[in-house]
Amino acid sequence: MQTVGRIGSLLLSPPPFLYDPSAMHSSAKLLVALLLAWSCSACGRAKAPDAPGVRVVSLAPSLTEIVCAVGASDLLVGRTSACDYPPDVVTNVTVIGEFGKPSLERLLAQSPTLVLSIDLADETVGKKIETLGLHRERIRCRSLDDIPSAVEKVGVLLDRSARASELAARIKKDVDTLRAEAGRLESRPTVYIETWHDPPWTAGKNTFLSELVWLAGGRNIADEIDKEHFQASAEWVLSKNPDIILCLYMSIEGSAKDVVLNRPGWKDVAAVRNGKVFDGFNNDLLLRPGPRVVEGIRELKERISQ
Amino acid sequence: MTSALAFHQVAAGYRNKVVLNDLTFDVPEGEMTAVIGPNGSGKTTLLRVATAFIEPVAGSVSVFGRQAALLPSVERAGLVGVVPQNVETPVDFTVEEIVMTGRTASLSRWRRPSVADRSIVERAMDYTDTAGMKNRPFAALSGGEKQRVVIAMVLAQQPRMILMDEATSHLDMNHRLEVMEIVERLNKEEGVTVVMVSHDLNLAAEFCRRLLLLDRGRLAADGTPAEVLTETILAETYRCDVRVQTNPTDGSLLVKPVRRT
Amino acid sequence: MTPRIKLLLLVCASPLLLFGCVLLGASGIGLPDLENHLGRAILTLRINRVAGGFVVGAALACAGVVFQALLRNPLAEPYILGVSSGAGLGATLCILAGVTVASVFLLPVTAFMAAALTLVVVFMLASDRGAFPSVYSLILSGVIVSAICSSILMFIVAMAPVEGLHSVIWWMLGNLQPSARELLVICAAIIVAGCSIAWLIAPELNALTLGRETAHNIGVRTTAIVIVGLGTATLMTGAAVGLSGLIGFVGLIVPHVMRNLFGPNHRTLIPAAALGGGVFLSVCDAAARTVMPGVEIPVGVVTALCGGPFFLVILRRRNRRTFAA
């Protein structure tokens, strides 16, 4: 039972792949102490961003995509194991740790001049990086409207402002178009978003996913609950009787859709009866607030309007 | 004359240590016998072998003619009861509940205690003068009261023989007397065989007609108090000088160790 | 009021309370609309959940009573002999192997077998060269095995891929919704059998609280009863853990409170604890799922938060019939 208590810090947080890195291991604290001594000789203070020899480490998959999208992939010297797009570029970039759990030692070994992290990241990790004398930038990249400004900020930091502005403007225009279309909709099907199956988790009001679903023409049944990510009660989902169910996860065995279809008592839900349970999405598009988000919304829209 | 407890060349002990060695004796039914001896001579082991809590490594033990190790627990409970030095329970039973525990071997598994069970418990408590405290918590009683309750518990078992393991050692003289008088009554009026282990030689001499003296697992002496409690035998067994005085008025014995300083 | 009368009251009140639990749910208070399929599905879900809660609560409380009697220790509870850590380890390995989707029975059965295996290991560790283990050896071995399983579990948790980890943690926090009706029926059967066996050995349990030697002298077959008692309690706990994950607090506190209210005689204590534990857990679960509609709060959180203060009040008011300190 003490095990549960210790892991209890993960209790109230959404699954880690939804931007909630866990706390640092205590062994890493020792590492930090050792590295502090070593780092004095190793790295100097950050150089000016536009000086030659800019070396960027990205601590989030969305930031990696943005860095590559603004044409700065040659400056990227470190990424997390979760950063997998664009594939041909990132295979050449060293992995410096897991998302939310970067290895400080490997981070330092890349001699970065700039470390990019998203502002949802656990601040203790961020502070430790700064204590090591590295230049860290927090980029706000949480909701749809954050994306264009995040792109522009990265562009400024990496001296690719021109391309960044162009990309940001394009994204903004696409999103505005989608918003206008969504605003004109007369009716919306109710949607139940499932982000994990065992136990069933969903995304509530004010989450990125909820926004995407709205733009794609649906209405998230969890919008009435003012929590971000939570375990959904089966009874509640049944009582809401959603028209569409979206399974946004990779099941280890078999298809995610079948798991939902076979649940006892769920066969009378409208979505199940009408065959509107969808899986097999490119989850990266939907779970990462990044430059490809519009693609993701279009895929959702296509399924929802079927 | 039926034999209540018979040991025949019994050897017994614990994991690495053999405590009893070639022990042979016979206690006939209705007798009141004391088992005495120095620490480590095997008195408690003797009782444990008699109740089949430990199995002997050699020899045979029979209780009322039956092999002790082969007796089913329920039958054995009807033959032998044990009054230990103290009974501890972490649970807050009342006196009546403790005495009722004595009936466990005969209680029906499916029903509540029957009228017969209840009357046996009542009688046991009356006999030991504990009926007045039957609803009091056992843990709140004094040492003397607790021992009387324990005797009532053993009486509720209705055994034909009672073994006492230093049951009065920690009681004051009044309560010690009280307990011994109850036991003597049981022996004389009900014919219950009594075998008591005691450190108190004078008490043993006063109440018991026969003494078994154990020394290092063997029987060193067996006979009446006058025969066993002699200065030579005691000095050799207890390895300390004693004086045995006979009271001229009532013939009772008094054993006193001699100080060395 | 004698304990028997109190027990009768409890027996009468329990169905009413359980019915009340069925009325509470995430979609609102009151029975759902039985006309349409969804309403009926919701009602089935609720009934299964209340039944699951009752059965698990009864198992844990009854097992707690048996462990406290056999180990003569007020801190004994169903998980004391390492059962929770062992079952947790088994369940974790099962979840991370990805086989849980294959059959809904696989996870519960693995947890159950892991629990049974843990008891066997603890027993063997505690038996020193064939002698029947003493209470202290059992508790000590239980603590050691528990620590070892916990360490292995933590290691796995540190290394595991993130998705499976999520399932593991939430399984361990406990969830009373049975994943299949057959599972509920099988576990209920095991638990009812277990409680019945415990009730049947109640007089011997009373005697065993006096110590093994005294119980032996009263005529109790101590070895047999201890094995039957420990085995039954562990299997009941294993069934409960397999059905619902690890739910704490119930197995430790409910026996104490019931002993306080009904007296230490196991004849009345065991049925009282079973009923009381079952109703308590169902009520806590009903509260848990109604307080924040739509959101599932782990039931273990609610039992500790609600039960703790409530039981504290009871234990302090009637100080008499508890474990003698």
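To keep things simple, chains are lettered A, B and C as they appear, and every chain counts its residues starting from 1.
The rule we apply is simple: a contact is a pair of C-beta atoms (placed from the backbone, for glycine too) under 8 Å apart; a residue touches a chain by one contact, two chains touch by 3 or more.
None of these values were measured; they are calculated from a predicted model.
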Fewest hops from subunit A to subunit B - one hop per pair of touching chains: 2
Pair of chains ranked first by number of touching C-beta pairs: A-C
Centre distance in Å when subunit A and subunit B are each reduced to the mean of their C-alpha atoms: 79
Separation of subunit A from subunit C, taking each centre as the mean of its C-alpha atoms, in whole Å: 39
Inter-centroid spacing, subunit C versus subunit B (mean Cα positions, whole Å): 43
Multi-partner residues of subunit A (at least 2 other chains): none
Touching residues on subunit C, where the partner in the complex is subunit A: 25-28, 32, 36-38, 41-42, 44-46, 79, 84-85, 88, 95, 98-102, 150, 153-154, 157-158, 162-167, 169-173, 175, 177, 179-181, 246, 248, 289, 293-296, 298
Partner subunit C, residues of subunit A touching it in the complex: 1-4, 6-7, 10-11, 15-17, 25, 196, 198-199, 201, 222, 224-225, 227, 230-236, 238-239, 241, 249-254, 259, 264-269
Touching residues on subunit C, where the partner in the complex is subunit B: 69, 72-74, 129, 131, 200, 203-204, 206-207, 209-211, 213-221, 259, 264-265, 267, 320-324
Touching residues (chain side subunit B, partner subunit C) in the complex: 15, 48, 51, 53, 73-74, 76-78, 80-82, 84, 87-93, 97-98, 101-102, 104-105, 107, 109-110, 112, 137, 139, 153, 157
